[in-house]
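Please go over the structures that come below.
Common to both upcoming complexes is chain A, partnered first by chain B, then by chain C.
So, the complex of A and B:
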């Protein structure tokens, strides 16, 4: 099975976010970029499927600028990916999701893909648009919020579940398929040191992003950080009843969250 | 930009969903021209006329039960065709799982500038300016969606539901799409309605009360449930609770569970691991109850009670019942 995994370099969860001096976007200066959280799960799921289906290959694709995109791809090679393709976004930070989807589709449309695995959403923009846009561009059905993704070799179909707002759906579908993964079977593995060292020399295919042909545009205007959360206002109390009364009063009168 | 707007509604028990009423309000505020509604799936025709109750004089219905069990992509072509028919320059839907899938498809199928998770929107000459939380609520971005086709998905609870203002509503039927084999081959083999208490569902609720490992045993979880019931809230849980099997995974809030953004989130006996925080930090008001004053949850909470949940939570339930006269 040919498995393509789309991964996006995003700021590490511990990073302190800052806006650029013109205030329009995130300032990437000094930010450590890592695999997005759901993408880590997507890579893990791809490796698990590869291990369970003979003759499978994992091809990881990322759209973004140097050097972070290449670094993130190397990290997936250290984890066990067979091939990596960097779709260069040039000066554009590569963050706009639909542009990313168009660039990725351009790079993988002619490469074999029985399964295109994405994270359900990227930790930075949290748009959840790329899997569906990729499905439309590749003319393949796409499913978001997928868990428990299995390949049933007897019927040659994928089987999976989707916990959505109304309940949990079960599905079966043949390849090819685009998936926005919510959770892998396991928590993501970590790479071993020899593999990390070896990945530094691995070849990474580089392709230019196809130029966008759409007349619609998305323009970043402002990136704002809320005033830092100063931490909770702690209620001082004598008895549990006293604490309860104070909290209920605050919630009704100060925070106005219930009548 | 032609000023018409199309609202793609969702159905809930055969009626327009609460989130759709919020979308209608946004559409009426943004559209310079007419607003039309569209619903798809089983029961769409009956539900479409409900748009009239909320001041929308024209609605489209694609009443085809097959769509409910088809991949999301099957909806893209009929939605784009309806948008063209009403001359819409703006399309709106709720930022639910289905809404986000639809927008990703329409970005391509309708060649639109799109944004999901929108919490504020204003029209300007040439497009729509939106604000949306990013980085799990740690930042907010303002972006301009430019062009003659813009589609936005509004975050549930971020906007008030539109008030009733009944007008007569004409319902047009939309022909069922002819699906290629790629879209008929996937089969929905089962639907298990989410196991939940008597209260509202986790993602719809305006108040969520979640319990963590601090409750110590599955039978103690009833303390969390009673507090939730007194508030008319939904019940959530940390992964420690769902992994232990104390409650089903459908209760899990966080990175690998559900993301919620209610008006009020109460975390009981939850430490506040980053994977939990990302699923609830965009709640409007956060309250934490934890015996450990150094628990990270107090850093994201607005109000905190440092104390033993086994004493605090029953007292809180009693107090809520008292003030509500129940």
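So, the complex of A and C:
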């Protein structure tokens, strides 16, 4: 089975973020980029499928600028991916999702793909649009928020579930298929030191994003960080009842949560 | 000017160690310290990720890293727990005499099966009567045909109760002092090898330390490392290689102390503002940051020197001595920043002081490091 995984470098959750000087987007200067959390689950799922289906290959594709995109692809090779393709976005790191999907679809369309796995959304822009756009662009059925994805060799169909607010849906579908995976329903592995060293020498395929895909009609106008949190208020109390009474008074009179 | 930036490869190695330290080591550090538990499941995971036999070439199943790369990893591990780090890197110390003194055939025969699965090894030099005076060690090795018979006792041996392999320094003739010392590889399974009970220690309580007794232990001459009388030089050359990562271990403890102190200083309020806004605390934090930074740079420089083929005795002694003194000072100031809370076991900084203390003592006490530094220094002026 030919499994394609689409990944995105996103800012490490521990990085201190700031806006660019024109205030329109995140300033990437000094930011450490890592594999998005949902994408970690997608890579893990791809490797699990590869290990369970003889003759399978995992091909990871990412769209973005140097050097972060190449670094994230190397991380997936260290985890066990067989092939990596970097679709170079040039300097434009903040490409909107459908444009990113066009660039990625361009790279996938010419490569074998029985299954295209994505994280259901990226941890930075949270748009969740790329899997759906990929399905459309590749003319392949797409499901998002998927968990428990398996290949049923008896029927040659994928079987998977979607936990939704009112219950759990169970589906099956034939290849090819695009899937947006829910985060952390599997336990992503850690790359081992020898594999990390070996991944430094791996060849990363590089393709330029198709020029027709670089036109955009949408404009990012403003990017603001959440306001800094103000100090917590500590209640000094003698008994739990006393604490509760004070808390209710504060919620009612100061925070005005209750009338 | 030298280049202090890390390569992407080094960044990846550091990220791996940081991730492992935070996910696996840090959550267990306080509990292992409190009850003195040897968390073998963590050491096994460290082995599986390739974080254990760092200095052993890949052809023998190790990770094949240079000293700079080892230091990057060791600092990250020690940030989470100095004691666990001591146990994780003890194999590097124990196996280094084989790397330096073993023949290619010995390396293939001993290292390859050893590194092929999770196993621990211990470096057995120190004896109850002394560690720094290694020339005066008393463990005897008597030649008997094509074997040696070992008799004696070693003490303060890291990982000894759990190890399957020991590198042992013994004398073929105490009259010869340094020139009688000879190194051997001894499996735990050899008749007459008895590790003692785990010592109760002040710090590094997730690590295991005991005596090892050798009573009539028969060792084939093929398990001797180098020639008779070459053991002292082999031990010293081993410590030249492994001393610098102890500087990194101390730096990791010091960085953890600074991180805890700075985070606490921003939260803790006195006189209506965070204590980080009081100049007394700012001066403390600034001094701590200088000590950590200097410790790290001295360690990196010593490691770089050795990776470039020099012996690095002076540089590694300076790095180990300075970084371990810095770790004690910074941990002490972290406790002072926490005030009364810092003295309580419920907070993380008092452990750092206890862990830092050992770095001034083991792998060459700092008094010996200063003796070495002075000797190397004075040679340049003589």
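In the analysis below, the second predicted complex is superposed on the first by the 230 of 259 C-alpha atoms of A that agree within 3 Å, B and C clash if a C-alpha of one lies under 4 Å from a C-alpha of the other, contacts with A are read in each partner's own complex, and residues count from 1 in each chain.
The rule we apply is simple: contacts are C-beta pairs under 8 Å (C-beta built on N, C-alpha and C of every residue); 3 or more make two chains touch, one makes a residue touch a chain.
These numbers come from a predicted model, not from an experiment.
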{"item": "First (chain B), second (chain C), both or neither touched by A:124", "value": "first"}
{"item": "Partner chain in contact with A:141 - chain B first, chain C second, else both or neither", "value": "first"}
{"item": "Touching partner for A:196 - first (chain B), second (chain C), both, neither", "value": "second"}
{"item": "First (chain B), second (chain C), both or neither touched by A:71", "value": "second"}
{"item": "In the superposition, chain B vs chain C on chain A residues touched", "value": "B"}
{"item": "Chain B versus chain C as contact partner of A:7, first or second or both or neither", "value": "neither"}
{"item": "Touched partner set for A:104, first chain B, second chain C, both or neither", "value": "neither"}
{"item": "Touched partner set for A:222, first chain B, second chain C, both or neither", "value": "first"}
{"item": "Parts of chain C lying in touch with chain A, wherever the complex brings them together", "value": "8-9, 12-13, 16, 19-20, 48-51, 58, 63-64"}
{"item": "Interfacial residue positions of chain A with respect to chain B in the complex", "value": "11, 13, 17, 25-26, 37-38, 41, 98, 101, 123-137, 139-145, 159, 162-174, 177, 182-183, 214-226, 229, 231-235, 237, 239-241, 243-245, 247-248, 250-252, 255, 257-258"}
{"item": "Chain A residues within the chain C interface of the complex", "value": "67, 71, 74-75, 78, 190-194, 196-197, 199-200"}
{"item": "Contacting residues of chain B [partner chain A, same complex]", "value": "71-73, 76, 96-98, 100-105, 107-109, 111-117, 129, 133-136, 138-150, 180, 182-183, 185-194, 201, 203-204, 207, 231, 249-250, 255-256, 258, 263-264, 274-275, 278, 284-288, 293, 298-307, 311-312, 314-316, 318-320, 323"}
